[in-house]
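In the part that follows, the structures are each spelled out as structure tokens.
Heads up, the next two complexes both have subunit A, just with different partners, subunit B and then subunit C.
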Partner chain A sequence: MTKYIIRRILTAIPIMIAVVFIIFMLLQVLPGNPISIMMGEKAKPAVIERVSRELGLYDPVLVRFGRYVWNALHGDFGRSYKLNRQVSDLIKLSFPNTVRLAISASLFAWLMGIPAGIISAIKRNKFVDHFVMAIALVGISSPVFWGAMLLQFVFGFKLKLLPLSGYNSYKHMILPAIILGWASAGSIARMVRSNLLEVMKNDYIRTARSKGLKPWAVVYKHALKNSLMPVVTLMAIQFAGMLSGAVITETVFGIGGIGRLTVDAINNRDMPLLQGATIFSTLIIIIGNMAADIMYSFLDPRIRDR
Partner chain B sequence: MKKVLEVKNLKTHFFTQKGVVPAVDGVDIEVGAGEVVGIVGESGCGKSVTAMSILQLLQFPGKTVDGEVLLDGEDLLLKSPEEMYKYRGNKISMIFQEPMTSLNPVYTVGKQVAEILRVHTNISKVEARKKVIQMFEKVGIPEPIKRYDAYPHQLSGGLRQRVMIAMAIICDPVLMIADEPTTALDVTIEAQILYLMKQLQKDSGTSIVMITHNLGVVAEVCDRVYVMYAGKVMETTDVFTLFENPLHPYTSGLLNSIPKLTRVDEDLYTIRGIVPNLLNLPEGCRFCPRCDRAMKICTVMEPPLYDVGDGHQVRCFLYDKELMNG
Partner chain C sequence: MKKLSLLLILCLLLTSVVGCGGEKAVEAPAEPAAETPADPAADPAAEAEEKPVASGKFDDGYPENVLRLGLQGELESADVQLTTADYTIPMNIYDCLFEVQPKDDGSSEIVGNLATDFEVSDDGLVYTMHLREGVKFHNGEILTSDDVLYTVDRMLNPERMARNSDSMSMLKGFDAAVEGEIPTMEGEGIVIIDDNTFEFHLTKAFSPFLANLCVPGFSIYNREAGDAADEAGGGSDNSQFGVLPEYTIGTGAFMMKDWVLNDHIYIEKNPDYWKGPSKLDGILFKIVPDNETRRMMFESGQLDEFDLDDAREQIPYYMESAEWEDNVIIGNRVGTFYYHINESIAPFENVLVRKAMQHAIDKQAILDSLYGGAGEVASGILAPGMMGYNADLPKLEYDPDLARELLAEAGYADGFEMTISQTTDSPNTLSLNEIVQAQLAEFGIEVTIDQMDEASWFDVRRTGALPMYTTSWSADFNDPDNFLYSFFTPANSLNRSFNYYNTDAMARVEAARYMLDHDARMQEYQDLEKLIIQDDAAWIPLFHLKHIWVVSDRVNNYVPFWAGWSGANYWGVYLD
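Our next item is the complex of A and B:
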């Protein structure tokens, strides 16, 4: 078990390095000299030339990569050109907002998705099942901005129950959490439903029934744990995805999170910020996947023994 | 002998999109107290469905449409679902073919056996654990205390089947139904498990219905046998008569297709043809198309069960005295 966890962590490290390298290289090939962006359009070419040399921008790319990683390991991701602040400070400022949104949305998704999936499976092919699955499908397939604007219009503008945007209170989190969580609730519900139906076909379910367990006890004690194990992985990965920034939700609701930070960096061609934010998001996703695997191994005794 | 189980005219059908499959089509079975009764037949002949019908474990599209299942004289088919929960695992227990998949992979085997005690009795957790460990010892599981906390995948097939047996006897049932309990096991393990079941049966006096397609298993453990074919009982008699004097051509065919060391020079006999499609049964006797001794009447009429004495019954016109003599 401990071995498995250590192995899982060790395999994540080369992936992280590779991903950081790829992101770094991709941003290198973007056109435009960062110094001219930083200094504005009126800067003289000679000055740009000199500053570029001073900052080591003409060094070979591998040298620059090494320097970047070295500094990053010391918590220094460079300075944002536009905002003129440490990238790490900007991430530290926006991340809590993203975390709050991710937690609210995930809670919504889990509390809605899991029971909905169970009900659907038990009432398979009945009206309730079709109804729940339809709502799930709408959540999965409708664009976030559409649903967001709809909810803003109804609850914020017409009913005036909830604030339209911002991120100062829990009330502010409700609409974004529903919007961001809906799709995820939908996919959780669908996965719970199909897993549960699949698990119910197993021989050990027949054994459980032959022991005299009542139907709900068969589902609750013998089917649920087995069918939720893969869902936990999905939930962890979705959660990590939300932690890495929900670009559209954050933008529509004016939440200053990682997603917004990234979009702003792109709009401003703010390379160090873009690079830092992207790498941060990606690392979160890698760590999330790793955590999902490790969590899964805690749930499944067969993996635990490997 | 007191009858523990009487199945009368049991009919269980599957209502599929292609039509109604009469998987069990009017089966009568009697099991006496302390008796081991075998049900044999090729696969697909309705043995498992018969067993599942007795416990009412079948789900859509399967449904028992007619008959009686009397346990100590009470018809289980008339019981409400609530009452049936009290019978399953408690008065009638069942052991399945696949020890590999019949246990839940995410719980320890001890917990899974203890669960059945907790469902049917008011026993405390600690007491249940004690009793399970005792039972593990009784069914020959080495290191029972350690094994209590083992997960199914950590045990061999033989041990898992012993766990299933422990589960099946821990509530002291009056009847145990074993559906091919050794089919998935090695021959040596099979012999051990059969020996164990026989031993436990002698100790407790529980009646056993032993379902198998293997006549060797029948010879090993059964007192009486029902031979099933395509959803019907074709012949029933005590186990000695079955091997010494089989009457139905199907039974003879089954016996002849057992490899025997004394006949190495001959080709192995097989019953020609295949099990009929239950959706499209032949007119008359359902074994007729494969029968070497078929007569004209066999193609048009279904034979009844003829009583030939000493509880020996056979569903074949060859034993209709009037027909054969006149």
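Our next item is the complex of A and C:
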């Protein structure tokens, strides 16, 4: 098992290096001087010139890459052009909110999605099944900003039950969690349902039934574990995706998370911040996938023996 | 064991993914800020968690007598030397030597602020400044001439990368200072006489100098505070000035208190403010990126002000609704919208074509349909409220017959094909361009709207090859030089892609900067404005928009500030 984990970690390293290189190069070939875009209409050419020179923007690209990697290895990801703070500090300040959002949204998704999927599978082709699957479909296909504004309007503006914006109490976390979790819950429910139905066709389920077990016990004790395996992968990837930022949810609800940080960096051509945030998100995704693989191997010994 | 499988899966998933650093990141902000002042990560989030929530009328945990304002995005920095746009917070925590005061008739004047008065030598090269006595910085230090020297030295130090250093380019020693050749301007551009008296030494008699000193970018800093902030960050390249509230020190009416990244900024009343303390306990700036969310927060009483710039389509609603019409505040923006015409692209080398364009576009119709009619049609360069603004400039009326006549005279009676360029991510600009496209089609002028990404747009513009485009300019400082010199010099005319041909006019714009007779200088600017816009038709002026806000019932004495930038000083505002 340990060997398997080490192998997975070792394969992640070259991926990470490649990602850093590709992101850096892509950002360098973008046209235009980031300082002139950042300063916009009011920029004075002489100031753009001086600031660009001071930031080393006129050095050859490989020199800049070397400097970036060297500094990054020393824990220095540079200073944001726009926000004038250390990139690592900006990520450190934003990530906790993203983690809170991801955990609350995932919990919502799991607590809603898994039971909904099970109920749907048990009541296959009954009204409950159609009803649950319809809601799941709405969850998956409705645009986040629409749902977000709707909930905000009803619960925040009209009923005044929950805050409209901000992120400094549990009350602030409810609406964003529902919005972000809803789509995930939908896909989880659909996946649980189809896997469970698949598993229920197996011989050992028939055996369990013929032993006289109650239907819920058949599902819970025998079918569920096997049917959850692919769902775990989905959940891990979804969770890692949420950790790399949920731009629309963060924007509508005014949450200072990684997603907004990244999008603002893109809009402002804030190279150091964009590099730092993208590398960080990549890292999260790699780790999320790795965690899913490792869990998989826990659940299914055949995988790690392969 | 089997029964626990589901729970186990969930827990594993959670801990393994978050364990990579997520958990640490959650806990990190809880460390006491005092022990790690150099770590900006530690402080603000911790305070955010300690705040009482949902108490009383507001759910943000701050006292009731706090003015609540919405900000669309995070500040570039509270160090005003590192921004050319985010002036609102600097205008409340720092002071400048002078300030612009709007007068009742819509014009404005420059009055003393941290400087009480000044004398200028006859040759216009030496300004002797007298500082107000006993002004205290937020850290208790008393303002002296040395603080002004520190402010200038800091701005010109190339390592600091100040975004507005060029505003001091007329000072003696400027070139050497920005190249890092001299460490201080003492004895060069600044000569300290005593604690409250010093001189600015200029290389040329630069008439807009005083107006330049009113720009928030030239807020006065304190040497001790600056040094402490540098030390906290481990050097001047990572100064915590403008980052951590406790190191961001000024003389202003409010003091930085809390700053939670992308969430809120709180500035509290300075009890020792030299004009007297504000009646507000503080100002809370909530960072709410979504316009509609901000509007809902305003209407539900969580914000005290809503800037209608962020919801222009709502202007008629607020202006006409019985609930809000008395709460609408209208101010001059001191800015002009216009089209640049690139004179090096045919047929715009022909002045008749350019003049025809000026009369072919119905500006009032655009103003009404896109901006709720909130503004006035422009006929020149300078905006109302600006020093030297000429209200008597002949109007450039919408006149289709005249436009047709001019086109025919130029040999384009059947029209021509042309391009308007814009950046991809500006829907407002696109609406404007589409209206103009439709209006020009009436004259047989076939317009293609070419959308480019912002970076390429700026790049092409710099080469002088960008076709016609629209943009706006608002005043940085109260002098016509700010408008005319930014456009009508050979370098700027090329940089901004309009290739104005009249070198004589541009030489006069340059010369006007150094005219010492104020009245003659203003007359010269008005003559130049007429020459450039009406005789040479170098621009198509569109309109001067009003700036409109709507405020909550409890807000009093909300006076629109004189500024092309949108910031304001809230010292005089009070709440019921």
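Rule of thumb we're sticking to: the second predicted complex is superposed on the first by the 272 of 306 C-alpha atoms of A that agree within 3 Å, B and C clash if a C-alpha of one lies under 4 Å from a C-alpha of the other, contacts with A are read in each partner's own complex, and residues count from 1 in each chain.
Following the convention adopted for this analysis, a residue touches a chain if its C-beta (ideal position, glycine included) is under 8 Å from a C-beta of that chain, and two chains touch if they have at least 3 such contacts.
It should be emphasised that the depicted structure is a prediction, and the values quoted were computed from it without experimental measurement.
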| item | value |
| --- | --- |
| Combined model on subunit A: subunit C and subunit B, fit or clash | fit |
| Touching partner for A:184 - first (subunit B), second (subunit C), both, neither | neither |
| Broader residue contact with subunit A after superposition on the shared chain, subunit B or subunit C | C |
| Partner chain(s) touched by A:202 [first = subunit B, second = subunit C, both, neither] | first |
| Contacts of A:110 with subunit B and subunit C, given as first, second, both or neither | second |
| First (subunit B), second (subunit C), both or neither touched by A:211 | first |
| Contacts of A:225 with subunit B and subunit C, given as first, second, both or neither | both |
| Apex subunit A: angle to the C-alpha centres of subunit B and subunit C, given in degrees as a multiple of 10 | 160 |
| First, second, both or neither for A:299, with subunit B first and subunit C second | both |
| Overlay on chain A, subunit C to subunit B nearest C-alpha distance, Å | 8 |
| Interface residues of subunit A shared between complexes with subunit B and subunit C | 221, 225, 299 |
| Residue ranges of subunit A in contact with subunit B within the complex | 202-204, 206-214, 217, 221-222, 225-226, 229, 299-302, 305 |
| Residue numbers on subunit A that touch subunit C, as the complex places them | 30-33, 36-37, 39-47, 50-51, 54-55, 79, 82-86, 89-90, 92-96, 99-100, 103, 106, 110, 114, 149, 152-153, 156-157, 160, 163-169, 171, 221, 224-225, 228, 232, 235-236, 239-240, 243, 251-257, 260-261, 264, 267, 269, 283-284, 287-288, 291-292, 294-295, 298-299 |
| Residue ranges of subunit B touching subunit A (in the complex, touch as defined) | 55, 57, 85-90, 93-94, 96, 98, 101-106, 115-116, 119-120, 151, 153-154, 164, 167 |
| Touching residues (chain side subunit C, partner subunit A) in the complex | 2-3, 5-6, 9-10, 12-14, 16-18, 20-23, 25-26, 28-29, 39-41, 44-45, 48-49, 51, 53-54, 59-61, 73-77, 79, 82, 84-85, 158-159, 161-166, 169, 178, 237-238, 242-243, 260-264, 286-290, 292-294, 296-297, 299-300, 302, 425, 453-456, 458-459, 462, 471, 473, 476, 491, 495 |
